[in-house]
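Dropping the structure in here first, questions after.
Chain lettering (A, B and C) follows the sequence in which the chains are written, and residue indices restart at 1 in each chain.
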Amino acid sequence: MSAICRQQRLASWLGAGLLLASVVLLLLGASVGSTGFESVLKAWNDPVALQIVWDIRLPRTLGAWTAGALLGLAGAVAQGLFRNPLADPYLLGSASGASLGVALALVFFGVSPFATQWLVRLGLTGAAFAGAVGAVLLTLMLAKGVQHTLRLLLAGVIVGVVLGAFASLAMLMVPEVMQAMQAFMLGSTGYVGWTACALMAGVWLLCMGGAWMLSPVLDGLSLGEATAASLGLPLLQMRAALVVVLALATGTAVAQTGLIAFVGLAAPHLVRSVAKTTHGRLILLSSLMGGVLLMAADMLARWLIAPQELPVGVLTAMLGGGYLLWLMHRNSRSSAGASL
Amino acid sequence: MKNLCQKLLLCLAAASALMGASAAQALQVTDDRGVNVTFAQSPQRIVSLLPSLTETVCELGQCQRLVGVDRYSDFPLSVRALPQLGGGLDPNIEAIVALKPDVVLLATSSRAGERLQALGLKVLALEPKNHADVRRVLEKIGQLLDVPDAQRVWRVIDAAVSAAAQSLPASVKNTRVYFEVNRAPYAAGEASFIGETLARLGAKNIVPASLGPFPKLNPEYVVRANPDVIMVGDRNYAGMEGRPGWAGIRAIKERRVCVFSVAQSDVVVRPGPRMAEGARLMAQCLQGMQGRAP
Amino acid sequence: MKNAMHSIAIHAHAIRASLGNVQILHGIELALQRGRWTSIVGPNGAGKSTLLKVLAGLLPHTGSVTLLGQPLASLPGRLRAQQLAWLGQNETTGDDLTVWDVAMLGRLPHQPWLAAPSAADHAAVEQALRATQAWDWRGRTLGQLSGGERQRVLLARALAVQAQVLLMDEPLANLDPPHQADWLVLVRELVQHGTTVVSVLHEISMALHADQMVIMAQGRITHQGACADIATHRALENVFERRIAIHALGEQWVALPKVS
């Protein structure tokens, strides 16, 4: 039994390690910003410093964790659903849909008072969420359901390219929105407050529960579609439910923090490099890994050229990509044929 | 014989005078890339691919020489009737060539310059980014268009800016201002064109020159700096009070936020001959906000 | 009559099936006996794998299939999965799952949703892995195994279901002769304990070890009969255009290609 237990023990250690890292990064994140650690020390006496730490830094750091957790979860689900290690949460066109939503909102903001009124209620986050979910629905319509994975993938690529082209067109016609769009596309936790945090945490709990319940389907699918069907798994309904989880998680993360690349792609691989488990634990660990990754990147983004900010997406690519490169290098030296 | 000699001499003198005149008319202009462009005579057909350059040409009274503009040039209203040749970054090369311009004015950041030059057109790359640039570009285009009193035009603009500054009461000086260019948030620092105008009006910018002209700030910075007045464009304003921690900023608490409409934003942001109007808009803002001070 | 009804494990009637626009199966009539080992053979493209998928309920088709007396179409998926196990040609991408995890997936039809494995599950998985000599490396991941070792693990997964009917498509792929012999012993044991085994095999000599043989060509069944029958051997030689010859070797039959 000890041979089986080894992977499970590794998984438990990884989970504990990620939780510990999350707490450490939370404390560090609260002390980093335009002013640095003095704000925390002054927080007791100075109301402005207290506000900075409590109202701005803490929700940002927690928000980075929840957004990363949502992306990590979505990435693991996407890779299991499409049985493709290169899958990421944005496969079904949600990234381009969110970009288009934000672009249209920015373009129409100043145009007419009526439009502005509605857009203020919706907010940029609402527009991004609506765009992301709308794009996934469009993909599902084009692919005529979740029956054929290849058709779904293809439809997702098409929707992504077409909606992305429309977003670029909007940016071209109204160049004033170009810089704001660029900032959105590179991602930032700049405006994440407590309500946004609570929203993301709620969606995370929901999606985590859903993905956990549906994880046996992903395990079955890794043996092949026909084999999964022969095991009596109701593939159609469960795949549709997984697509809903994917869309919800991705749309929520993108709406609050913009397009952050690489977290969804890298987190499952990073988990698998430590522990090989079934999808239930993989999705949970991948979520934790994504949270830690994004929190670390966000902290660096705020700290490196304070008081200016780097786009978080650049740092996630460097951190996640760098670690993956190191892993590949180490693996190719030690054992041939081992998976990444 | 003497008559013939006299007529010949007269002809020679006239000819040399004419040659001398045309030699004097040969123009040489150096653009912002450092390229020397020579013109046999002042260009009569001009294509402009940058709104501030379009406005400069018209400010010098030579609007009639424009045969084509980019899609973002919208002032004065007469240029909207001209053929639109794409944007500054993606111009319609074919349409430009078809208009047979004598010179094409565009930004230094445009890649079209090389292509147009390869097709045999004369290209001048000019991009005003601050007050000194506006003056320099005004004078250069004045030289190009053979307009003698370009410097006077500049003096009028400059005087108008000073007048706007002087119209402000002393209590407005040293108001701490945050100018948001877009919602990422990108701010206009002291080193930018807008920052220079604000400085001339006597206001203080919360973003020092050391951060560059348009830094992407950590929103926390604005909260800590606690500006007295916020200036922002219509598009970027919506939802500003909802940003975490911003409700406590003095400018937002006391509702001292100037929201510029799209047309007004264009005037304020563009480094061109309308900078006096931009200064007036900002001065009106500061004065108006003054009335709400406790 | 009741006995006769229940002695048929799978009954297929007027089966027509297509893949895309091409019709593969043209009216199949089949009755597979319970507690017997039937092998399905035929040239490439005869539709053997397609027929097996139809019998497992994995492909849409016209006509009816009955499993252990009940219409397959009306059986709930879980119940069918408990009674029928299917092993397909390798389509696995789960390189990161351990051998034990893969075998445990075979117990899904018996486990309540999301329940932890019970003692019965553990026992079934252990039995299956020992039967395929894969028990010793149950902690390794699939990606670390060779082709033959993978095949044995996938076989263990199918065995772990402990279903009454076991359908296998090319189960000997990548297996070396000793392990092919092990597989033979395994199947004979299963049949002795009452399991119905149906296998699609390329290796004619192995197929001749079965009780019954179904010969297919171009989407139709050309012959059904006992493996020991001369008529079956003749039909086999005919379907391969007389390019093989069946010889007796001790107590076995061996099919050898005719080299001219």
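The rule we apply is simple: a contact is a pair of C-beta atoms (placed from the backbone, for glycine too) under 8 Å apart; a residue touches a chain by one contact, two chains touch by 3 or more.
None of these values were measured; they are calculated from a predicted model.
Q: Which word fits the touch map of the chains here: line, ring, star, complete or other?
A: line
Q: Measuring between Cα centroids, what's the chain most distant from chain B?
A: Relative to chain B, the chain with the farthest C-alpha centre is C.
Q: As a quick test, compute the distance in whole Å between the mean CA positions of chain A and chain C.
A: 43
Q: Approximately how many whole Å separate the CA-defined centres of chain A and chain B?
A: 42
Q: In whole angstrom, how far does the Cα centroid of chain B sit from the Cα centroid of chain C?
A: Centres of chain B and chain C (C-alpha means) sit 79 Å apart.
Q: For the complex, give me every residue of chain C touching chain A.
A: Answer in residue numbers: 53, 56-58, 76-82, 84-88, 90-98, 100-102, 105-106, 108-109, 113-114, 137-139, 141, 143-144, 154, 157, 161.
Q: Once bound in the complex, which stretches of chain A touch chain B?
A: By the definition above, chain A touches chain B via 33-35, 48, 51-52, 55-57, 59-60, 106, 109-111, 116, 119-120, 123-124, 172, 175-177, 179-180, 182-184, 188, 190-194, 302, 306-309.
Q: Residues of chain A touching chain C in their complex?
A: Of all residues in chain A, those touching chain C are 3-4, 6-7, 83, 212-213, 216, 219-220, 222-227, 229-234, 272, 276-278, 337-339.
Q: Given the complex with chain A, which residues does chain B contribute to the contact?
A: Answer in residue numbers: 72, 87, 90, 181-186, 211, 215-221, 223-224, 226, 233-236, 238-239, 242-245, 248, 261-262, 265.
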